[in-house]
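Worksheet: one structure, shown below.
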């Protein structure tokens, strides 16, 4: 079936991983087109998205890769699609949420851990760290293992966040519609101080 | 009655490309009561760990369910980049702590595929035994806690009694009840002691009795069926689109099992069948998991029957520590011993992904290596995390007590969801 | 006669105080309602301790209180990330006095193997802890031994001695329980686990 | 006629039990109210919502069907309460009543009429669909 690979729109090159899977590198601009083609053309039918993740290498010039693991349940074959993003320019990719709803949380986690924004994602927020996390993106290689702030500062930030920092803007709008938001919280939200920790 | 609009000029994250609030809040009808925003929060007996569900309730009906995860995020993948391959094994059994041995096996298989190592036949069968034992104890915890959630306390004590018997076997084998750290790259930490085979055989003979009792108490129980049938339904197309895996996928009627479709550890040579549901509701997930316990028991009996003799570790000194006696006497063994302890096992440049059939679903381990002894990236494909992302779709429209049943049926373990 | 007798002038008053202390303390110790703040692997061992084989109901903990209003002892079973720190602090504040805290497991007591950006390095930087139970996870017998130690500690308290009475310990004005220097010093990696920070 | 042999005789043990119950209840509540340590803090008075700061109050208007179910329960529960003393007399062979004042047949018909009236109400409520929950 590899002969089909070069029909993928936006295909740059392909390789074979150590576990025998074929890897296809796709241009960033044509990713959504390639993914739609892979999911919907009769010969491909990659209807199952196994995983979405990102890889950053230790030497900085190598590009950050966003890796999509696809699987066709009917044909029982796997395919790994990679998009290379240079760390220098803007880290954004099209979201595949429209094709596979399973990508919703996976892309939010990649955004949370690597800072790669997914255009067209319905609700791109941090998912593992709290929404107003200020130390950066943990899985980047320049992020120290024990975090950027001192331990005391991390404890202080965690213990003294504003009550509305625990809620997403969706929930705040719901609570606001039913008139449940207290006035002091409303003032802070107006000033946009959701994430700031009072001294 | 105030129609629900966003009066605050709130920041944009909740907006989509066109600037519209993506999940447009509903318009409240006049007769209905006010909606209540409730936290089924991190500390809640029915959320199976520190999951937080912010639920918008109209009376008792769940109008919107917004899950918040990350309350147990422990940075496993970041830690993995600072550890040798054999040092990552203790990390793995703390991700999904309900089936620790299966995680150890999953990670070891991925590392061995990355390094191109063939393991010995005895080690293969022992790893199958470890995986199936983990499946049984994971389903037993699920059965116990879910029956407590829906009001039946006795199955919890029966299930935990069976778990204690498997804990005895795990403790006999690895010295730990829960944090087993069983595998090493290229083999296992230790061979099974003599009373292990006899203990496991006695377990597999008497385990179906407990399953039969639980089946008799729950399956045709009017309360249990009433609370679980037709609740949280996922159609096959939705299950595939939401990337569900494991019992969640099979209960919706998609007969996909990693052990059958992409066999590993010689699973294609075992005779077992894969239970598949039709309705995809909470009741079918219960039936699928119960049947899986029976099948796991069958596999254990077949594995015990074919357990070959021979070494458990591959005899490549660059990967497996030479025995202590030779390391002290023979110069070459000492050098290998020293290099392995100080520098760890080096992996060639490249990447490898192996997915195994974990009790929760397809657990994938993805290693990217740049030739050093510490991986560049260790990605765990978390089945519970992805299964949980379908919870809002399943829960909205049901009652609050059904949300408890649905959340229990997804069988999440927060260590794996939050990694 | 404990040292309280030496302080109070009147012999009979001392005997009465001892009697009241003994009655109150032993009743409190033998009916501790645990608030199982179970987060991770230790929660599974906590459940095994609650199940029929190890059964901590024998020590008076029959009824688990899932709301802080009826809880006596907060058992933090499992690691505590920073995202969960405000939750445990709030639950501890909302428990009525007298209340105690058992930190079950190495991760709750010291951050354990998770010396990274996401983990609180020991819950004593968040809430005052009475008994630390070592182990990863501690065996059910270990947790039971921790509970017995707590019983001994409770029996040593006194209603009439201001210093040994249970009073609220709110956060200080900077919003911390300990001074920043103390928290940094407590959270430092100890022993030779420092070389784990080389990434290649 | 001293007090103990008067008509009150059968009620004395009941009154003693009632008194004991009231005394026990009051002492426990008053004891914990006066002896218990009270250390209110600002966070402790806030409602407990699984460890999260709550948003909004729980005193919301909720739909009418909850009141409806409560009313129906009370009606049919009181019905069974009335059955109990009747059953004691009926199955005790008319022991409590004065001899000759009432025949067993009359007792039975009396209760059947009572049940029939309530059954009419039950059918009406059922057909109006008040038992339909959602």
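Remarks
Going in written order, the chains are labelled A, B, C and D, and every chain counts its residues from 1.
To be clear about the criterion, contacts are C-beta pairs under 8 Å (C-beta built on N, C-alpha and C of every residue); 3 or more make two chains touch, one makes a residue touch a chain.
These numbers come from a predicted model, not from an experiment.
Two chain pairs, A-D and C-D, are weighed by contacting C-beta pairs, with C-D ahead.
Separating the CA-averaged centres of chain A and chain D is a span of 58 Å. Separating the centre of chain C from that of chain D, both taken as means of CA atoms, is a distance of 42 Å. Distance between chain B and chain D, defined via averaged C-alpha coordinates, is recorded as 48 Å.
As a whole-number value, the distance joining the C-alpha centres of chain B and chain C reads 30 Å.
The multi-chain contact residues of chain B, meaning those touching 2 or more other chains, are 34-35, 37, 41-44, 70, 73, 75, 78-79, 82, 418. Across the assembly, chain D contributes residues 51-53, 55-56, 60 that each touch 2 or more other chains.
Annotation for chain A: residues 58, 129-130, 138, 143, 145, 166-167, 171-172, 175, 178-181 touch two or more other chains.
In terms of which chains touch, the assembly is arranged so that all chains touch all other chains. Of all the residues in chain D, the ones that touch chain B in their complex are 49-52, 54-56, 58, 60-63, 65-66, 134.
Residue ranges of chain B in contact with chain D, taken from their complex: 31-44, 52, 58-59, 61.
Those residues of chain A lying in contact with chain D across their complex are 163, 166-167, 171-172, 175, 178-181. Within the complex formed with chain A, the chain D residues making contact are 52-53, 55-57, 60. For chain C in complex with chain B, the touching residues are 37-41, 43-45, 47-48, 51-53, 66, 78-79, 81, 83-84, 87, 91, 113-114, 116-119, 136-137, 139, 196-200.
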